[in-house]
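Common to both upcoming complexes is chain A, partnered first by chain B, then by chain C.
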Partner chain A sequence: MNSIHVKHKWEPYLWLLPSLLLIAIFVVFPILIVFKLSFSEITPGGVIGGFIGFQNFVEAVHLPPFKTVMLNTFWWVLSVVGLSTLLGFIIAMVMNQKFRGRKIARAILVFPWATSLVIQASIWNYIIKYEYGSLNSVLLNLGVINQAINWRTSYPIEFIWECGVGIFVTVPFVAFCVLSGLQSIDGSLYEAATMDGAGFWSKLWNITLPMVRPSLTVSTVLNIIYVFNSFPIVYTMTKGAPAHKTDTMITYLYMLSFYERKKGPATALSVIGFLILCLCAGIYMVTVMRKEETQ
Partner chain B sequence: MRDPELKRVNRRFLLLLILGIALALILMSLPLYSFNAAVYVKKSPNTFVGDEKYLAAMEEVESVAAGYRDQGFDVEISEEALERVNSKGEKTSLITFTIQESFSKNLFSFLGCGLASSRVLTLILILLGLALACALLGTLVSMDLPQRSLPRRTALLRSLASAALLLALLLVPVFVLTNNYTFSRQISLYNKDLLTEGKDLLFAKLDRFLFQGGMGSGIDNALSQMQMQTSPLIWVLMPALFLSLLAAVQLRRGSIKSALLRGLLYFFVVVVCLITLFPYYVMTITAFRSNAETLDMYFLHLFPTEWLWKNLTSIIQRGVPRYLLNSLLVAGGATCVAMLCGIPAAYAMARMDFKGKKAFLGFVIMSQMFSPVVLLIGISQLMNTLRLNDSVVGLMLINAAFNQAFAIWLLRGTFVSISPEMEQAALIDGCNTTGALTKVLIPMAAPGIVTALIFVFINAWNEYTISTVLISTDINRPITVGITQFSSFNMIEWQYLFAASLLATIPVVILFMSIEKHLTSGLTSGGVKG
Partner chain C sequence: MKKLLAFLLALVMIFALAACGQTEEKPAEAPAEENAPEAAGDEIVLDVIICQYGPNTNEWFLGSGMNGTNFVAKFEAENPGIKLNLEVVSWNDVHQVVDTRIANNNPPDILNIDTFSEFVPDGLLMPVKDYCPEDLYNDFFPAFIAESVIDDTVWAVPDLASARALFYNVDLLKEAGVEVPTTWAELEDACQALLDYYGGEVYPWGIDMTTDEGQACFAYYAWGNGGGFVDAGGNWALNTPENIEAVEFAVGLVQKGYTNPNPATETRYDLQDMFAAGKLAMLLTTNQLPTYVADKGGNINMATAAIPANEGKTGSSVGVMDRIMVFKDDAAPDQAKRNEAIGKFLKFFYDPENYVGWVSMEGFLPAVNSAVEALVASDPSFGAWLDVLGSCQFYPAAKAEWATVRQGVTTVEQNALIGGDVKEGLDALQAEVAG
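== the complex of A and B ==
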């Protein structure tokens, strides 16, 4: 018996009401506004006119940077989520071993997760500066290089750096999620496998991976959403320059709406982004609900 | 283990240890530093590659080089052509011939040269010797004793050997660092005049300066145009020493494979931690450096030469306390609102049966998916209508709403994991549901509630995007937006930027560390127990 008896049928709804109101006003309402705006005519001054059908969407798709930005967003999400999942998994495997100083290592690993993205992006911005950055300084003084290297010669390289910072800040989250999955695995499973003569890879494939798959799914889906929505890294490091070539959808949308005064196409982009997120959310919900049912 | 086998194993590892140390010694005698100096420069203007003037100049340079070669120098000629169009539109060209002498030195030449790095090197060598001696003594005494029952003295000797090798290993980067630093600084210090005289004596003098500790006369001339390079080979010294270390560890206990894996594990952990901490280290030291130091590429000190606490007072004068206060208000307020709305909802979700429970859960999970960023335009529109734009209260409510899902998710998981028997008993005793929640469940679920609370707080504290859009007045800015005033388009005051960042980071990192364990289990599994 997991539930308690309530006197009135409507009582549970009363308990839910504050939360429901908060979400409805500040989450659902903006969604509706964005949808409405995306089908309305908006002047550069921000005056909202009547219904114009899909014209905003057409305009958004035909803006010159659209293709680059969508491709960037794709690579951004794919590389950051993919590589941080891989790295996070490896780090979690290592952190799951017993060694001296494990607590300290775990505490250190928390840092990037807890720090504001805008601060981390600023620090990395400083580190990879050509004229005085810390990376050049360290390498020069270690004798690894003879001359300062310009780490950000062109925009594809800048974009790779942005992905790198994205990975740096995302890895701890994956690592901790996987770690909590790993720690719930019964050690006797491994012992039995060792008795049967299973090697490291076979244990990894047959025990570890299936056991951490739920945590891995949760962290991957959440990461897709976080990374897709991530704004401060790109905005702090390049502001999308030159000419939106390093923009992802979110920063592009921001620039379009608040700098270039093209609110119409920007809202259309918001709706596209929203639908992409809905897709991810749907997949996530199905997985979570299924998990709920199996337990 | 049987005695003969033990003896064999012991001997094998002793061999490995000696091999590692021998490898280190061999490396040290390889030429690891190369010096380059231009001894003769000829510039020939209006010359094109292959024409008469070029050939004449070439011949001249060759003869000079031959003179050097006769004196026993090992010189090389290099040429560089520079072409451009002058003001009259004619194409001109300048060819520069350089005769360069280069030589290299091994690490042993450094011993006793009086530089800081040579002392580190001497220390490395002494440690190596000590390690070998200890290992040898320890092994000879206990050659045929089982590993576990080593006499105390032997165990001590072996530990000493490992420790000495570890120290030697750690000193290699220190050596390279101080060496490159002192060298490049000292050479550029003297790099004032061009080479004018005493070319023949150049290397004799340089040798005396660098390797015999003396400061010969005319050394400033000798050192001008001098370049020093460390061969990357020096880093091979690390693996060599590492190998010896493993052998030493093995002599002490366990098998070589596990020692190796152990070493790799620690290596990996240390590397990951160093990479993770590096940005924070940069932030911390930069926060206390002067503006000139932040823009100096050759700044090598681990810490600022002078800790400038006045950076902190400067940022205080530039509004940082106000930003911190705003952040505190936003984050604190958002946490309160999120908890006040979230705890009842989570309670209903965990304890009551009602229609539409699944639908609400789905609704909550869905809303968790949307960061406010994609809805930026809608939110700013809404806030305009509600007259909550550019206000701390608006930020508070938005943060609370967008963290609602996580709060409910975490809290529900905590509540579900607690057995409802106590509440049921309280209800039977005449308590109402509110009482059951506040008097029974909340005290029991305190750790989980604190986790959710801190998580919401940190998220709101670190929020940046919405604040950039909504807040336009300076005094309403939270810290994440406030720090951007230190980085304008053409000038970034890194020391202030990082000093303010430091203040914004320390409290949240500490808070986060306290909840990390509860949080991850809550996020991945806590929500679906039951």
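== the complex of A and C ==
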């Protein structure tokens, strides 16, 4: 009995060992090095010097664009994650209904998520181009507009376009996560609720949402991390222009490191971003878990 | 327990996904021996990084773009005992690749890139005289060599250059009855006349204030107003009244509606596309424009002129050059042999038989005298461009703060586009780089 108990006790860890080793070597170790670098002097040529305490962090937070970049990052994550969750949920509800061509619709839905972000951003860049953009061409041909519209007249609008592309590519992921949750709900629950006179909103609130909460939690946490770290959309569409007004933290630290060659503050920013992510994802998961516990 | 589990789970996910989204380099210090050429018997291996100038670069160096063979194969056949580990890297990635290799104590032996000054203070580069054969050294245009000097030492050699000038669509200007502008006042008049005539169908003037070309934009207008990046003594002089006036003039052209609508995001290539499509009447760009337009299938009747300057000021063409530099390798078993191999590489590269094909392939201008005759013979227009190149001013890339200035002036321009104060921006930049 004892030997079986010991075997059971160690077996899961044994199975986990290869993954843990890979994560340790390829993920944890490099991140620890970035932490070390953030406290080291790094020359513009890329040579790593000695320990300099928090100097890189102080320099990073005193950079003029820091506030704008942090605010942009906040709105970028909030709008992309928030709206793609809402839209993804609605689309998942639709996709869960029985209708002709449902399989094709589901296949099409996955395209934006499966395509490279650089390609997506480049395509959207062409779509909204003033001179040769396909959006203007289509609207002109349909007679909706008389002359081409400049869809990028100011930087807030450019930033909104970037968020829009972010939402477009993120929605399918949420939709599929929620769809998997929806498909696991027992149909008899809805039948019983209907018998009791529950309407659409009541069923949504009392059955659907609680049942898909685990799927939503996973998609939201993953999206917070993905979207926060997303680089290609902003870099391809504006490179943070004008004057870092559309930069997020990730694109800004790239520009700082490889264009301005301020590698120390760039590494410090990357650590700050990592800590913010830890905090956000941790708070979200604990809150959701606590709710589930109380229910 | 569940809370702890939640935190741990979140942490693992963040670790995993942060690595996926990570764009910052994660260098590790590696032993110096890694940098040693992999000697196999008497063979010496040179690590070479070349930037991708266009679709033909890779073919020429590694494919079959060199009359059915490639640079590496031909070099190795003619230089037994030297092996090239040559990599063609895109301009978008090259800084990241080089930085990561330096941080790993494994820089390439030979690097082709635009800037070099950031590597000199760390003692990473070798002086050119240590490896460059004297006859080749004397073949470089002296004005080009002078742009790679820090503390009286030459640290890099030019691999090619391009010159900027005003290109205009002859037919568009002729139809509107507009003369080619030579001064800023004439430029504004010409733009207004084109705007009136074409009513927004054609942009009179192209302007690129993107992160890639903002420094060129600064140079066009500052040099045309008696200003510039540095003063006569070579010290940073960014916030001079001439420079402030120049940036305000450039931004004024945008605000008056004379230019393409989004100069902060429309790159030189976007402008060249507009020009090739007959949507843009005038732009300041490189001598490669005719090749670019032809490649795009455009058929534009174009001509060139000097870059307009302010009244009473003398304009200057803008020259841009890239470089080849050599990194030190203290672990190389035989330094003399390594230097000799590098010298052979350079001699082979700049041999007119090879170099002329390389330079003309993407429409660039040469950096050595020995290539001029053959290039002019193959395309007479090169002669005029070589004259322009002779009177060009270059960016002060030898100054250690150049990377900061390059981005800084671009930020000032972009800020001005959205209502920011030019003087304030240039004052702050000057204070940052000059103390």
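Quick note on the criterion: the second predicted complex is superposed on the first by the 258 of 295 C-alpha atoms of A that agree within 3 Å, B and C clash if a C-alpha of one lies under 4 Å from a C-alpha of the other, contacts with A are read in each partner's own complex, and residues count from 1 in each chain.
Here is the rule we go by: a residue touches a chain if its C-beta (ideal position, glycine included) is under 8 Å from a C-beta of that chain, and two chains touch if they have at least 3 such contacts.
Keep in mind that this is a model prediction, so the values were computed, not measured.
By the touch criterion stated above, A:33 is placed in contact with chain B and with chain C alike.
When the two complexes are overlaid on their common chain A, residue A:160 makes contact with neither chain B nor chain C.
With both structures placed on the common chain, the touch criterion links A:83 to neither chain B nor chain C. By the document's definition of touching, of the two partners only chain C reaches A:243; chain B does not.
In the superposition on chain A, contact is made by A:274 with both chain B and chain C. By the touch criterion stated above, A:231 is placed in contact with chain B and with chain C alike. More residues of chain A are touched by B (comparison of chain B with chain C). Of the two partner chains, neither chain B nor chain C is touched by A:211.
In the overlay built on the shared chain, the residue A:263 is in contact with chain B and with chain C. Judged by the touch definition given at the top, the superposed model places A:185 against neither chain B nor chain C. Shared contact residues of chain A with chain B and chain C: 23, 26-28, 30-31, 33-34, 37, 131-132, 222, 225-226, 229, 231, 250, 253-254, 257-258, 263, 266-267, 270, 274, 277-278, 281, 284-285, 289. Those residues of chain A whose C-beta lies close enough to touch chain C in the complex are 23, 26-28, 30-31, 33-34, 37, 43-48, 64, 130-132, 150, 152-155, 158, 221-222, 225-226, 228-231, 237-245, 250, 253-255, 257-263, 266-267, 270, 274, 277-278, 281-282, 284-286, 289-290, 293. The residues of chain B lying in touch with chain A in their complex are 173, 176-177, 179-181, 229-230, 232, 234, 262, 265-266, 268-269, 272-273, 275-280, 282-283, 286, 294-300, 337, 340-342, 344-345, 347-349, 351-354, 357-358, 360, 362-367, 369-379, 381-382, 397-398, 400-402, 404-405, 408, 416, 420, 423-424, 427, 433, 436, 458, 461-462, 464-465, 469, 480, 483-484, 487, 494, 497-498, 501, 504-505, 508-509, 511-513, 516, 519-521, 523-525, 527-530.
In the complex of the two chains, the chain C residues touching chain A come out as 2-3, 6-7, 9-29, 95-96, 98-100, 102-103, 118-122, 124, 209-211, 261-262, 264-265, 273-274, 277, 279, 400, 403-404, 406-407, 411-412, 414-415, 417-418, 420, 428. Touching chain B in their complex are the following residues of chain A: 1-6, 9, 11-13, 15-16, 18-23, 25-34, 37, 91, 94-95, 97, 99, 101, 104-120, 122-124, 126-127, 131-134, 136-137, 140-144, 146, 148, 168, 172, 176-177, 179-181, 184, 214-215, 218-219, 222, 225-226, 229, 231-232, 250, 253-254, 257-258, 263, 266-267, 270, 273-274, 277-278, 280-281, 284-285, 288-289, 291-292, 295.
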